[in-house]
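Pasting a structure here, questions to come.
Naming follows writing order (A, B, C and D), and every chain is counted from residue 1.
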Amino acid sequence: MTTENLIWLIPLPPLISFALIVLFTNKNKALSHTVAISAAFLSWLGAMIVFVRALGVEHFGEHPFASSINWLPTGDTWLKVGVLIDPLGAAVLFFVAWTILMIFLYSVGYHNFGQPAGDHDHAGLPPHGATVHGHTVLSVEPMYSRFFAFISLFAFGMFTLVVSDSLLTLFVGWEIMGLCSYLLIGFWYAKPSARAAGIKAFMTTRIGDVFMLLGIAFLYSVTGTLSFREIFTEEILHTLASVPSGVFGLSAAGLIGLLLFIGTVGKSAQFPLHVWLPDAMEGPTPVSAMIHAATMVSAGVYAVIRMFPLLSMDEKTMTVVAFIGAFTAIFAATIAVAQNDIKRVLAYSTISQLGFMIAALGIGAYVAAAFHLITHAFFKALLFLGSGSVIHGMEHGVFHTGNHKVDPQDMFNMGGLKDKMPITFWTFLIGGFALSGFPLVTAGFWSKDEILADAWGHHHYIVFATLAIAAFFTAFYTMRQITLTFLGSPRTEEAKHAHETPWTMTTPLVVLAFFAVTYGWVGIPEHFPVLGPLVNNNWFHDFVGHTLEHVPEAPEFSWIPLLTSLVVALGGLGLGWFVYKDVKSVEQDKFQISFLKNKYYFDELYEVVFINPAYWVAENVIYKFMDQGVIDGVLHIFGPVTDKIGSAIRNYFDVPVVNQFIGDGSAEVAWWFGKNLRPIQTGRIQQYFILSLVVIFVVGGLLYYILTLA
Amino acid sequence: MIPLSWYLTFAAALFSIGLFGALSRRNMVAILLGVELMLNAVNVNLVAFWRYGDVAQMAGQVFAIIVFAVAAAEVAVGLALVISVYRRHNTVIAEELDLMKW
Amino acid sequence: MNFWNDPLKVAAEWLEGVFVGWGMNEIASHVLVVFLGVFLLVLILMVIDIFLVWIERKVVARFQDRIGPNRLGPFGLVQPFADIIKLIIKEDTTPDGADKVVYNLAPVLSMMSVLMVWAVVPIAPVMLSVDLNVGALFLIATGAIGTLSIIMAGWSSNNKFALIGGFRQVAIMVAFEVPMLATLMIPTIFSGSMNMNAIITAQDGLWFFVLSPLGALIFLIAAIAELGRAPFDLAEGESELVAGYSTEYSGMKFGMFYAGELLHALTFGGIWSILFFGGYRFFGLEQVSPFLAILIFLAKALLGYWVIMWVKYTMLRIRIDQMLVFNWVFLTPLAFALMLVTALMNALLKDASPWLYGLGMFLSNVVVGWIAIEIARSVSRKEREKVEGVHQVAEAHH
Amino acid sequence: MTTEQIIFLIVAGATLASGLLVVTSRNLIHAALWLVATLFGVAIVYTLLNAGFMAVVQVVVYIGAIAILFIFAVMLTRKDMRDSGAQLNSNWWAGALMAVLTFGGLFAMLRTWGGMSKTAAEIPAGFDQIAELGAQLTSPEAYVLPFEVASVLLLAAMVGAVYLAFNKK
């Protein structure tokens, strides 16, 4: 099979799996997850083959794998759909395939496959446990098959997005993921908070998507194409850059870039549309991992990276992007410090890290953004799956003690899990250090260091300083999390009885931990002391950089960003450990600042600024004034008037004319004719025959007369 | 040599006789006899047109043969109906079988 | 061209010359000569018919270990003439309530249908009344007229026995026409024509009897049924219906039915010999003289007639329902199967050598016959078991 | 007038006369027998038209099967030997008028038609009508479909007739 055909096939297995599970295997849990994991495996296999083949191509940037077909006729041209795997696509495909496969595998364990059905579990609620021989144990998820169907569709959306060669198919995948995020965040739909979170995620991302669609439409109307390869030609980019858009003094390129970027802001939960992501924790943990690492938010960043040539055409847009990114990075990092929910900390850290990437793009650090996207995907997937594993272990303890009031997600209920869950601890530690940027060994260090180096090298000192502080906070809350969760001694009875999770959950952790460490090594800068000359090749920069026509220069090596990142990482970690090593309860936590804990009151702000006015407008303006006052009022006028007209018509036209004259009259006439014609129907076929012949002779004679004589 | 018109006139006369039979006889079997005469008249026309047209083209005879088949089918079913009706109503007079009128 | 090579043509031309010499119109003389020819043929046939009565009586006597007519003339040869005189001087009765015209027309039609067959029978290479290209089909057509005569006789007699006999005969004739028509197709397939002369010419090398013995057998059976002779003589089964459709006829009218039947039997013997035994051909002897050919043909026809008689005086009469069932469920399917197989084999072996062709045809006939007999045996065994099973139950009940 | 024409006139006259007797005779058996005579006359007309095969088939099918069936039907559907009562219905004059009008109309149309004076072409020597007929009836380019449809029609008619006439116990 040619690589191009193979790429076409990569998104298909999850889609087929979705259909199969929904239509056929819904009743059978084992069959459903077999189908879903097989599909994920097939896509993974295809992705790996494509990736390996891509590595073998010389000058892959100039000769990417691409093929397209005509899809929709639009006037005299065709709307094309196609696939494109260039270096960026190949790298993204690599991590997407790996993380999706791992999350699929993890989901089997997470949803307690093999456990008995719950005593009083309901579809739409998390499993409550089952009683076996007097013990309460974990029970299997009631909607197990449905979950695999949804994440299969999710995976289909992501693969479609990654392999697409145009904004059109990218947007299709994008929207499929939007739907899936809604479905999966609200997976336990009987929980009001999950329902609300699903709606919130859907609505919030929709705001971004509308702008993105505007951007796509604008782009198409200007260039007549949506294909990346056609847009990113020198000629079109320059045209776009030179055409003024008439908005904010931006060029067309700038405006389109800005609109597309707003889509990303929604999808990747950047300020000010970040509010949905923490709430998305309501979904099952594999979904969180899916959203935070493998698919959804990565898709947002991927889209911006994709559109980078367009974005970089306008300096103002770049500034906005850099500002939003940097602000989000520090803003979310500070919130994360005050969160007690283990997943919530990670959620804000995701927002913060995405801010890093966006900021890197904003300052033109294309490769660094892509690099951080990939390393982050690995270690954030690892962290989420690890936190899921922790929660799972805690739930085990909760079932053991039977005290269901204990929140298994609250870090202050944990502590000392290091010994109970060693695999989870060590892999979580690796993930956490990677997130903090622990020097040299972790992937996070190399990618974050590259961003800082780029910011310093390109003289974006404000961004550099902001990101450095954000990185410090990152290291601090990460260590806080690790310390509270794993170190010290158990703070509750439940934590004492926590238990290591099954192999289906730990295996993905180990695999992802491997990547969280090693993936950084492909991007060691050439001029890095000691290690640089040893590796002597910044492979990642070289590979991904060639996606662009002008390969971005790697920043000059400088000691300042290196030392900065060393200091913030180690300092943050150390401080975190120092502050929290003896904390026994929430009250002893000095950082429970309500301002941070309540996320700068953004939800409340939105409540006041947007939601309440919307409700007020809906209630008073739309409902009471427009609907009841104007529309109903008009209708109330219409009613009597039409009633009058109707009765007039009835009395003076319908009854006398239509009913009596036309209706009854026609019936009378028909009756009269029928009565008088009835004798003709004698039931004697010979008479009919004679009559028909008479008619034939009369008609024939007339015709003959008309045609020949007249 | 016989002119074509003779055959056609003969066929027309035979057809009219059959028509009279079909229109005027009371007995259903006799009506069918009249129908047979009409069919024969048609066949005479068909064969005559074959003879006076393109002899190599056998369409006239082919259609005459198909008329034979139709006639055979018509007689078989028609007479079966007549016998069936006779069993049920004990009559074969067409005028007495007017159950379906009005 | 002399008289001995083509006697009919020479005689006809001579006669025409004579008539024209008498001052007659040329066309009228031609019509007159044709009429005379037909008259001559009928005359000869009637004379042969008279002797058929003698032959029939002689043969049946021999079958029944008697001597038969032997008083009048040598070997009783004058006996038929005495019979005729008796028939003529008998009272000619017409039943009360009979449909007189139809009643009197029926025997004439009966005789006519037989005589009409001879219009297409080639009695010698040069002697053929009408060279009709659908000769074989003509047989069936005249058979239809024979059917008509019988139903007319049965109906017009105003007699229940006669009517039932007529119905029976018509049922038989209509039924056995089907396998006869199917077997008629077999010589047609072999010769590629329905023309009688062409069929005889095609039997140059091999008689069709050799190619299709089963076809010949089926044709014989159907012919006997058409004739209404034993074992299929149900229309006049004397123990049931007195004399069937001819019950009310007396005198020469009965004589015409009787003579018609005998002549019909001889006719079918002749047709059988033409279709399956080469007609007037006999190893080139027919080329010597037309008269010799006539003799050969007559001998073969009489042989066929003898076979029909042989069957008649050997077999028992069967029941009407048995007979119709025999036709519809055995003979007709067999005849159609044989026709299909023959047509298929003909298509397959068209270009094969004559030896292979003949062998293939013969073997296919044998196979079809064998299969038919096996099926008939298994069916009859089941029928017998059904009957005997019921019988045993009845006995046990006793 | 040639011999053929004389023969035709005689045959046609006899045929039409017997045809008239078919539709007018009181005795239905006689009517059926007159039908036989008419059909025979038509067969002779076919012979005059050089369609020998048609003539023979006419005799086989019409006289051998259809006429016999008619006679059977007449016999099976009567209570007495004779037919009593009126044989023509009350509208017979209208039927007669229609018949005469039909003939008149057809005759008038035939008189004005140009192809009436057409003369018959000689049938080419060696032209085998039956072989040609058979070939055309079984040739996919010609009439195999009507032929097959006719056979299906016959089958359906057979089944229908058997079903209708079957005396249900």
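Everything below uses one rule, namely that contacts are C-beta pairs under 8 Å (C-beta built on N, C-alpha and C of every residue); 3 or more make two chains touch, one makes a residue touch a chain.
As the structure is a computational prediction, the values presented were derived from the model and not from experiment.
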{"item": "For chain A paired with chain B, centre-to-centre distance based on mean C-alpha positions, whole Å", "value": "82"}
{"item": "For chain A paired with chain C, centre-to-centre distance based on mean C-alpha positions, whole Å", "value": "97"}
{"item": "Euclidean distance of C-alpha centroids - chain C vs chain D, Å", "value": "28"}
{"item": "Geometric centre distance via CA averages, chain C-chain B, whole Å", "value": "33"}
{"item": "Residues of chain A touching at least two other chains", "value": "684, 686, 690"}
{"item": "Overlap residues in chain C, where contacts from two or more other chains coincide", "value": "none"}
{"item": "Chain B: positions in contact with at least two other chains", "value": "22-24, 94-95"}
{"item": "Arrangement of touching chains [line / ring / star / complete / other]", "value": "other"}
{"item": "Touching pairs among all chains present in the structure", "value": "A-B, A-D, B-D, C-D"}
{"item": "Residues of chain D that touch chain C when the two form their complex", "value": "3, 27, 29-30, 33, 36, 52-53, 56-57, 59-60, 63-65, 67-68, 71-72, 75, 81, 128-130"}
{"item": "Residues of chain C defined as touching chain D within the complex", "value": "27, 31, 97, 99, 102, 132-134, 137-138, 140-145, 147-148, 151-152, 155, 158, 163, 167, 170, 174, 177, 194"}
{"item": "Chain D partner contacts - residues on chain A that touch it in the complex", "value": "684, 686-687, 690, 693-694, 697, 700"}
{"item": "Parts of chain A lying in touch with chain B, wherever the complex brings them together", "value": "678, 681-686, 689-690"}
{"item": "Residues on chain B engaged by chain D in the complex (per definition of touch)", "value": "1-10, 12-27, 29-30, 32-34, 36-37, 40, 43-44, 47-48, 50-52, 55-56, 58-59, 61-66, 68-77, 79-84, 86-87, 92, 94-95"}
